[in-house]
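Chain lettering (A, B, C, D, E and F) follows the sequence in which the chains are written, and residue indices restart at 1 in each chain.
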Amino acid sequence: MTIAWSQTVPYLVVLPLAGAALVPIVARRDARAAGGFTFVVTLVTAALAIALTVRLVVEGPLTAHVGGWVAPYGIELRFDRLGAWTAPLAVFFVLVVPFAWRYLEGTVPRDRWAAFYALMLLNLGGLIGFSLTADLFNLFLAMEVVSLSSYALVAVAGRGTAAWAALKYLLLGSVSSLLVLFAVALLFALTGSLNLPDVAARLAAAEPSPAATLALASLAVAFAVKAALFPLHVWLPDAHAIAPSPVSAVLSGLVVKIGIVGLVRVMELAASSGIALDLFGELLMVLGAVAIVMGAFLAIFQDDIKLMLAYSTISNIGYIVLGLGLGAPFAVAGALVHVVNHALIKVTLFLAAGSIIHQTGLRTLTDLRGVGRTLPQTCAAMTLGAIAIVGLPPTAGFISKWYIGLGAFSAGRVAYGFALVFGALFVFIYYVRMLNAFYFRTPTREEVAAAVEPPWSMRGPVLFLAAACVIVGLLGGFLLAFIMPAVGDLLPAIRS
Amino acid sequence: MRWLGLALVVVAAATLMLGVADLPPHGAHDAPVHTHVGARYLERGVAETGMRNLVTAVLLVYRGFDTFLEVVVIFSALVAVVALPRGRAARSRDGDDQPPAALLTREGPAQERISVSPVVAFVVQLLGPFIAVFALASLYRGHVSPGGGFQSAAIFGALFIALALVQGRERAARLVPRGARVWLQALGPLSFALIGGVGWVLTGAFLGYPAEAAAYALREAMVVAVEIGIAVGGAVILAQLFMAMEG
Amino acid sequence: MVLFGVDVDYLAFVVLFCVGLYMLVRKSNLLKKLLGLNVMETAVFAFLVTSGMIEGADPPIRTAGTGPLFANPIPHAMVLTGIVVAVSVTAVALALIVQIHAHYGTIEVDELKGLP
Amino acid sequence: MSQLFDALLLLLLIATAITVVRATDLVAAVVKFGLYSLMMCVLWQHRGAPDVAIAEAAVGAGVTSVLFLLTVARTTRVEKP
Amino acid sequence: MSALIVLQQALSVLLVLAGVVFLAGGTLGLVRLPDLYTRAHAASKCDSVGAGSILVGLLFYQGVAFDDLRLVLLAFLVLVSGPTTAHALARAGFRTGLPVGRARGSDDR
Amino acid sequence: MITLFWAAAVALLLMAFACLWRADVGPSIQDRILAVNVVGVKALVVLALLGIIRGHAFLIDVALVYGLLNFIITIAATRLIETGRFRSGASS
């Protein structure tokens, strides 16, 4: 019996989720075993994702019909060029989980490790499911798996303050989930179908109606909340700063991207159902530009390094949304590449910051003066990450921001191009401020002077990721070439 | 800030009205909802799945993957609640040591320890077996009448809560042995993954059920395994949620 | 029935949704906010179920004595799943509220805002 | 008759939701929310969705309400105005 | 045979009507009586009798060919749980010192 | 006959409004719970009536679950009021 590759796609979702169910069982004897088991599960998932990406390049998109029921009658999982985002996603988890092994000691009590690792796996499974599914209701459920595990992960280490940050996140997140459900209900009432391409086709066949536009709009608002787009970002800084660092890396680098993936899905839906969203594109551009500047501006005033990184996420989401809204091919491709690049850079930065905080017990720039002398390797990684996020040439951030800017200028939207440059300037200021504190000031706290480099299970992933920031930057063209064929399908929505 | 909230409500109401006004009126049998996917399920569902209750058929067979994610969601709720620090310990640490009774009753400090009314205890114990039988029936007859795995889980969960209320949590907790809990709580996702894998081997598609007439018994067994997984897993999760929240 | 150009049922769900939203936005008590969220959720579920019904149709259970018209089973399955999701989110939120009360001694947002 | 019943039921639902908003005693608010769920369950029975009605009665009214009550027991019972 | 059916139907109508009247009485009591204990008394008594007789009326309507015991179980449940609830409530009221008669300073007018 | 059942259901709903008024004004928490419970009993009867009107015995399952659950949450709420805390049990 030959097994079709396409039918292994559901396992990308099932492996981490079933693994999560097994984690408490594995952890019964020894809490450490949970970490190892989780690592193995993420490794297998990542291997499968990479294998499927290779198949994708060789033979085109893979489609799995769960249960063997074809498209509108069953749930369809699509592994296409956008869905291939799951491969880097899984790889980041492979790097974050070993980091967490030692990080958890001293931050999270032992009896809650199993829950922590289970939540990480649930998060991974949900993220993959969200990226792959072509079914509206399935999308909602995968989103709920991600959200629920994220709320808990925010609160897992702290006491009351973390719970309050998590609850704020939960309330806004639930409203956004509710909007998604409402939109699904509306689309179902209009078309009688839940399959995305089928819904689009049936919407295109029917006469245009305000209800369909309302559905798409509420989907867009809901995903804007999940992506923390500027006026809806209020939940993000607290939640991301207060979570344990491996969790911050996952939340800031990967979980906010479900909002972006969702927005891309809305654009696909709009493009193929013929609902013109010209106003939508304009709005995305304006909000993106404002987010770039405001996020970077607010980050300047933060003394807490994790809070600073959290605001930088708001700014970077602005870049991606601006790129999507511009609608020029280069800009959209740049935005999609920036989804991966920002994930890479932000995971690097948060893990490096986590190492610094873990080794010194301090988290503000004032306290951390001179830490570059005692933790040279970690701070070098942090520096590389900072250079990358500013967007200086040999690094990953450069390529994507360059193409977004190129798209802005080629579309004749010069003002947005300048907003982009302006934002980069602010970013430059706050990272210079950070580097200045790290390298050019003398330590004021003895914790900094006494700090030693973290153990290899933490240092390894950080150094690997920092190197990846440069390597991806040097070979940057391949991501763009990979994503370009998918861009064409998205354009009609915005270009009108 | 106050008027902003109210304005939000008004704007939401207006937008919703605008969108909803455009929908086809409900209840018409020729609306698009009733002529597309749902119509096919109604027409061929019984033949294709062998279930007379088509809601169960949709949940378990046509859209089984959704149900898989559903059990994962409730499992993650349990993990999330367990992952949080224990609240009661934190309270005493913060010096908030007032007896809760004094906080709670307006009428003044309540009595130290009030036992359950014997009437209530008797009635709950009287109804207990009925509830249990009813939950089992709901599971067993889920494919021909309303009910099914999750409803049964919820009824079992409610029964557990009632017993814990009148008999004390220690005695109720014995219904779910500590050693078995980690296995039972994971039963939902695991049974789906397992049966899904079996379906993958048999039919080539994850969560597929063999359609041949000869494989009828096998298909039944697979469905029953999933149902039991949902019911037992769900009930144990709800019971544990109750115990975790009770502190 | 149609009122103000809108189907009465849909009108009722919009009202319920807005009552829940009002509770979520204007009430300062976290538990009340959560109740508001649940009211909103239920309103959306009701909308879903109503959109899938047919006047005078039977439940989608094909046994002797039912038919020939049946309600659409898909919204029912979706709402069943949605109810489970709602209870999961509520459980997590309640656990968080207990944490917040243990730490701050209050669950009023107005008071929480002033605290560190 | 069916239409009148329907309209009354919807009115009752809205009235119940409003009493939930008005309650300042959180135990009362939770119990009324349970009633709201139960009313919704009647609506679903009327709409031909007994499966959903059972789930709502068991989960929405039963389990959710009890969890809410547990939280009230561990926090405060009176909502500050 | 037809006489039996007529009797059965008449009994059913009678019981349903009686049930509605009892329930109305219970509601009236709940609304008008002065304190918890009297209200609980009126409401629970009329509710069990009212709900019980409607359910028995439905049982008559369904006829002997009824294939399962759902309605019987339901009537049993109502008869058992109604008084228990009233008892638990009154006990809770007593335990927390709720006054008998019209409470002074209450907002009940 | 069916019309009579409908009329009974409508009458019960009208009574429910009166009970809801009691639930809103109180004055004590027990009054509110009692009123809610009475509405619950009425709704249970309405559920059974709907099942008979539709002519499907399986619809009465809903009323059964409803009755059990209404009972349990009332007991839970009274327990909470009685003891101030929820922890209970003859044994502990």
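Basically, a residue touches a chain if its C-beta (ideal position, glycine included) is under 8 Å from a C-beta of that chain, and two chains touch if they have at least 3 such contacts.
Being a predicted model, the structure only gives us computed values, none of them experimental.
Shared contacts of subunit C and subunit D, meaning chains that touch the two of them, come down to B, F.
Counting steps between touching chains, the shortest path from subunit B to subunit C takes 1.
Counted by C-beta pairs in contact, the busier of A-C and B-E is A-C. Distance between subunit E and subunit F, defined via averaged C-alpha coordinates, is recorded as 11 Å. A separation of 18 Å divides the Cα centre of subunit B from that of subunit D. Each chain gets one centre point, the mean of its Cα atoms, and the points for subunit A and subunit D are 37 Å apart. Centre-to-centre spacing of subunit B and subunit F amounts to 22 Å, using the average Cα coordinate of each chain.
Counting partner chains per residue, subunit C has residues 9, 15, 22, 34, 50-53, 57-61, 63, 72, 74-76, 78, 80-81, 84-85, 87-89, 91-92, 94, 96-99, 101-103 touching two or more of them. In subunit F, the residues that reach two or more other chains under the touch definition are 26, 33, 54, 58-59, 61-62, 64-65, 68-72, 74-76, 79-82, 84-86.
Annotation for subunit D: residues touching 2 or more other chains are 30, 48, 50-55, 58-59, 62-63, 66-67, 70-74, 76.
Annotation, chain-chain contacts: A-B, A-C, B-C, B-D, B-E, B-F, C-D, C-F, D-F, E-F (touch as defined at the top). Taken in their complex, subunit F has these residues touching subunit E: 1, 4-5, 8, 11-12, 15, 18-19, 21-22, 25-28, 30-31, 33-35, 37-38, 41-42, 44-45, 48-49, 52, 57, 60-61, 63-64, 67-68, 70-71, 74-75, 78-79, 81-82.
Contacts from subunit F toward subunit B in the complex involve residues 58-59, 61-62, 64-65, 68-69, 71-72, 75-76, 79-92.
Taken in their complex, subunit E has these residues touching subunit F: 9, 12-13, 16-17, 19-20, 23-24, 26-28, 30-31, 36, 39-40, 43, 47, 50-51, 54-55, 58, 61-62, 66-68, 70-71, 73-74, 77-78, 81-82, 84-86, 88-93, 95-96, 98, 103, 106-108. Residue ranges of subunit A in contact with subunit C, taken from their complex: 137, 141, 144, 148, 151-152, 155, 159-161, 163-164, 166-167, 170-171, 174-175, 177-178, 181-182, 184-185, 188-189, 192, 194. Residues 1-2, 4-5, 8-9, 11-12, 15-16, 19, 22-23, 25, 27-28, 30-32, 34-35, 38-39, 41-42, 45-46, 48, 50, 53-54, 57-58, 61-62, 65-66, 69-70, 72-74 of subunit D are the ones that touch subunit F when the two sit in their complex.
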